[in-house]
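Pasting the structures here.
Two complexes are shown next, each including subunit A; its partner changes from subunit B in the first to subunit C in the second.
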Partner chain A sequence: MASDIKILTDKINIPGIETFEVYRKNGGYAAVEKAIKKMSPDEIVEEVKKSGIRGRGGAGFPMGMKWSFLAKPEGIPRYLVCNGDESEPGTFKDHYLMKNIPHLLIEGMIVSSFALGANKSFIYVRGELMYVIRILEKAIEEAKNAGFLGKNILGSGYDLELVVQPGGGAYICGEETALLESLEGKRGNPRNKPPFPAIKGLYQSPTVVNNVESIATTSWIINHGGDEYAKLGIGRSTGTKLISASGHVKKPGVYEIELGLPVEEFIYSDQYLGGIREGHQLKAVVAGGSSVPILPANLIMKTANGEPRLMSYESLSDGGFATGTMLGSGGFIAMDETTCIVRNTWNFSRFYHHESCGQCSPCREGTGWMEKVLHKIEHGHGKMSDIDLLVDVAKRIEGNTICPLGDAAAWPVGSAIRHFRDEFEWHITHPHEATQKGAVFMNKSILV
Partner chain B sequence: MSEKIEFTEDRLKKVEEIIGRYPADRKKSALLPVLHLAQEQYGWVSSATMDYVAGLLDLQPVEVYEVATFYTMFHLEPVGKHVIEYCRTGPCSTMGGEDVYDHLKQKLGIKSNETTSDGLFTLKEVECLAACGWGPCFQIREKYYMHLDNQKIDEIIEDLSK
Partner chain C sequence: MEATQLIKVTVDGKTVEVPVGTTIMEAARMIGPEVAPPAMCYYKPLKGSGGKCRACLVKVAQGSEKDPRPMPKLVASCITQAQDGMVVENFSNPDVVNARKGIVEFLLINHPLDCPVCDQAGECHLQDFAFEHGLGTTRYDDERRTFEPEDIGDKIQLNKNRCILCYRCVYTAEQITDSRVHGVMYRGDHAEISTYISKAIENDFSGNVIDVCPVGALTDKTYRFKSRVWFSKPADAHCNCDKCSGKVNLWYKGDEVIRVTARKNQWGEVEDFICNDCRYEKKKTSDWVIEGPTKIPRHSVISANKYAANTIKKPEFAMDFAAHNFKEIDDNRDYNKSLEEIKKSGDYKNLMNKNKALLSK
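Right, the complex of A and B next:
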């Protein structure tokens, strides 16, 4: 049974928690003291490994393992770069965390930088969040004045400088190598891999890139130990996760859940989303940000085998792409029966086309093509053969590109057709009806 | 348009501070923050501004053009006093964003990428602003406006028109 334990957001509502003084009074920076005074960098890496935490930026790669891959050649600086680009539609959890409790991230950055042996670390934040950047810069200044940053932290001889870097409005800069290019003052074109950032990252030096939420969690892991963290959650999905919920639910917002919480409880209990808005029924969910496969309501509640679906990496992906999806970044988008899946798919396609960096032709051409065909269908000019054409284009992009944006663009289209094909067909056979404002095809059997 | 481009004293100091954040041979990293500073002062980024920024950071002008044209936040044409950047992406649309946007366009009497004749407002459509559960939303400069509906739009526009 999932508990309601909170480790990232337990103090988020304390008045003044954005200031150093209040954060410190409430136990803040204890992890820095413990890490720097009582632990060695390797011991910290070991605790993070034991915690089993997986990267919260979307890919879910084990954080401790990533840290242990970092190359450590003599005389070459190493970098920690925090990914606060947060541009995946449906995802707004890092925004919430950084603006409300900035010191949690700063504290995590200090602990993590110490563990990795970095003396200069960066927090890359999407440029639109300039007001959050100013909040972080203020928090850094406060931490510095209190001796937790800068030269000779707490008299240990360890130096660390934190730099907040603004992006310029480009989703692709969330991809870690594009982010590094951007941080070097260039266009955000993803790099060919290998070499991986752990060997050659920022300024050609060994670099770890981690999500805001991942880094913010390290303080708790240091304070309580990796084993304690690993007790939370379910199976290989250890710990808690921030879920940002949007769409047709009664209470959209950011929630911290213990992994393993049943999806049904998350949607319908008053503690979380409070159910679907009055008088409506759930039709579909995109559970982990716009990139992950969309599922009809019946399949998000229960797996194809009839097991209750849980909020965990494994349960959400149960059934593979045929009947499952992914936890991704935790951007949970709920849609009721008034939602037109074709229109939503077209909207997402337009997003990916707009955000493709254009380096590889399957992505550049394919995203444009999908957007065009979906636009045609949505506006009553589609042909039956267009549906298979879309499936074909999506398949040709998948796996054939430099970075995963190509996959991210293909999955929403492939999954929408897989589960809502009748809705696409209806648009084609009923072009006049389908283009009426508010008209939606209804297949009642999938509603919950 | 041969307006002389020169940062204010404050901004020049800020540029020095920004350059100091990176390793000495990595001045180019300062480009995005300095372009933001430029847009803060001039409202948009002209080619004269890009040349000026190139000079500040010892870059070739083309290195600045390449970057300024890649990132959508930089306005490469003159804009109105208030640039409204409206989120058009899925979750905000799901929460009623399309109707609210229609109302906004009607209220201002312009379409996307246009500026009102009095030069007060420019309208731009942008992608997800990381505020999806608080949508529909738009941004004007650094400020986020969330939970928008027709009435709120009217109030905001009237307020900014004063």
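Right, the complex of A and C next:
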């Protein structure tokens, strides 16, 4: 069901679209005019609810519902914070959007801030992306000069100040409460929930934290209506989704797909990834960024029931973690048979060990423990009992931590052993071969 | 005056009525120690503490009367508010006990159970926690982090080998002193408590970080290794102090006051923080008005052999649990667990004969 519908990327290739002038000429900021002049904040929230859009940061929580949770006490400011701290290995779609079409995000920020009653909003961008921060700041300046930001926007009496904040450069700062701590100038440690940010967020005030892609989508929803958006996609996975594809595919990059696209079509059709690199076969896929469970090629194409697997929240998670995975943030990593799953798992584990904030015991100690055991297996010093130890440690981290980083560290390990246990065993029984450069275990039975 | 609204909470089958806003931990504590979850980082007098060690995880089997659905994951009882009609499973749920056993194992990675040489032995919450869960070791077999003991001020020694990063000392310094000069540095398992650029902790209330430390990471240099805690005898005493409440415990070894600490409740939490003058400078009985022997309701080695048996509530859950679990010590060696089978073996018979011979002498 290849679809040409593009919501976020339809104008991205227009030369000069990063400038206010070109963006405006191509219909930009129409959503701001419509929202501020013709709609009430509640009507905007209602449209977002109708659209059925789910947060594009990874968790997939309904965005309209999140907005409706926002406490509205009198006399206390409310904040909108855009989470642009994208740093999950394999995920790079927000970066692409902010860099190429910054005004789309700013337009979404204005509409969303107006809907939520926020007069000061923040775009939190990973500190390393300084050039993106400069692009955004320039775009904000342009929007301000044109009267779309600042005091009395379009003569409506509504004021909005938009601030771009460089992040702390740590993966954990992308977790919404750690992001708020970082934004307040503190160490980026996640907060205990409850209270949720909708009740006590930035500076103890009601706050909504949304992902770049989610906020950028609101312009289209306002221009075309929530019902139109809800017609796109499949089931509860409405609309389109940016997928950042990488790995052993012919055409890696950022793709906007309509949710519900069959995974097989996404990988093999020329419109998208164009298949696996010449002469190789697909071995495994991480469908939603490195934190989601890895699936072998046969299970990513079809569910355990034999139905075609679709690019949607529901279809990808069909079968639970036994035979399914998650759409997550849309970081699609395809691996061919030359990939060593043990090495890959160790690599992911190194990342999560390095990025654990260290606040809670299971994550602080468990991520390091898993990495060390995986290091031993990868380097030919593993024991057979290490495999079960890894499973056990992963289980004891999963679900027991303050924030989802613990889960993100545990799921890749647990799933890799679940689906590729023989590869781990081979590493242990063939330590010399396993440590040879380029040596990989090839399980022909799971190749497609 | 407005009447306080009460809600009903059930923990391990025992129901209690508590005011709205009470956490599961506090509700369980109101029922008693037999259902109260362990706490390594939660410390009621310190605002914002809790939620980090995950030792107090519980299963919420029923969210509330209105919404009886269970919570999908285990929750930290110290930070989760109880709801009317909530049903909580604590020691009665094997998943909870197993998860906590995992926490013990994680904590033991970088905290050796070196009780024989640790000054905190007998007062260490991790020692209790490990004992209650039948786990004295960890399967982690890599190199541990090691640090040299560090003097942070003339009266406090920091031993980071034993630090479990509960953040209690950081909250104490933040909340009851004028300026905090220490905190957590680095991330993940590299995280460590440290002063900023080798500063000493110098303020009138700095000694309280020793009292809140659940393990032997922060110790009193004026007391270290003067005695084991079970050889000392605590007494309640007070004095007129212009800085603090002046309510303390004096720890006697014979007639000598070897240590002064703040008074703690049955959960090991300080009732009133005390100043450094009371802690370090007043170590004569004449400095104090003695109120009488300290009652120690918490199950503790401190109380062993000192008081009548009925003054201390025995931790039945812990005793039962430990007894049950120590039978199943993780051991990869191939051995027969059946006593009947063992009795048939030649080894057993030889051993019995040897014993008989020894006894007959």
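Keep in mind that, in the parts below, the second predicted complex is superposed on the first by the 446 of 448 C-alpha atoms of A that agree within 3 Å, B and C clash if a C-alpha of one lies under 4 Å from a C-alpha of the other, contacts with A are read in each partner's own complex, and residues count from 1 in each chain.
Throughout what follows, a residue touches a chain if its C-beta (ideal position, glycine included) is under 8 Å from a C-beta of that chain, and two chains touch if they have at least 3 such contacts.
Given the structure is predicted, the values throughout are model-derived calculations rather than measurements.
A.B. asks: Just checking: does A:Lys372 make contact with subunit B only, subunit C only, both, or neither of them? Give me first, second, both or neither.
C.D. replies: Only subunit C is touched by A:Lys372; subunit B is not.
A.B. asks: Taking the superposition as given, does A:Arg364 touch the first partner, subunit B, the second, subunit C, both, or neither?
C.D. replies: In the superposition, A:Arg364 contacts subunit C only.
A.B. asks: Looking at the overlay, what does A:Asn192 touch: subunit B (first), subunit C (second), both, or neither?
C.D. replies: After superposing on A, A:Asn192 lies in contact with subunit C but is clear of subunit B.
A.B. asks: Does the superposition put A:Ser385 against subunit B (first), subunit C (second), both, or neither?
C.D. replies: second
A.B. asks: Go through the superposed model and pick first if A:Ile402 touches only subunit B, second if only subunit C, both, or neither.
C.D. replies: After superposing on A, A:Ile402 lies in contact with subunit C but is clear of subunit B.
A.B. asks: Considering only touches as defined above, state whether A:Val163 meets subunit B (first), subunit C (second), both or neither.
C.D. replies: So A:Val163 only meets subunit B here.
A.B. asks: More residues of subunit A are touched by which partner: subunit B or subunit C?
C.D. replies: B
A.B. asks: Would you sort A:His354 into first (subunit B), second (subunit C), both or neither based on which partner it touches?
C.D. replies: both
A.B. asks: For A:Gly235, using the defined touch cut-off, is the partner it touches subunit B, subunit C, both, or neither? Pick first, second, both or neither.
C.D. replies: Neither partner.
A.B. asks: Does any part of subunit A touch subunit B in one structure and subunit C in the other, and if so which residues?
C.D. replies: Shared contact residues on subunit A (touching subunit B in one complex, subunit C in the other): 170, 187, 354-355.
A.B. asks: Can you list the residues on subunit A that touch subunit B in the complex?
C.D. replies: On the subunit A side, the touching residues are 77, 86-92, 94-95, 120, 126-131, 134, 161, 163, 165-171, 182-188, 203, 244-248, 252-254, 286, 290, 331, 333, 335, 339, 343-344, 347-348, 351, 354-355.
A.B. asks: Which of the residues in subunit A end up touching subunit C in this complex?
C.D. replies: Residues of subunit A touching subunit C: 170, 172, 187, 192, 194, 353-369, 372, 385, 389, 395-396, 399-402.
A.B. asks: If we count contacts the way the header does, which residues on subunit C are in touch with subunit A in the complex?
C.D. replies: Listed in rising order, the residues of subunit C that touch subunit A are 50-55, 57, 73-74, 76, 79-81, 99, 102-103, 105-107, 109-110, 139-140, 142, 164-165, 167, 184, 186-191, 332.
A.B. asks: Tell me, which parts of subunit B touch subunit A in their complex?
C.D. replies: Of all residues in subunit B, those touching subunit A are 21-23, 26, 28-33, 35-36, 63, 66-67, 70-74, 85, 88-95, 126-135, 139, 142-144.
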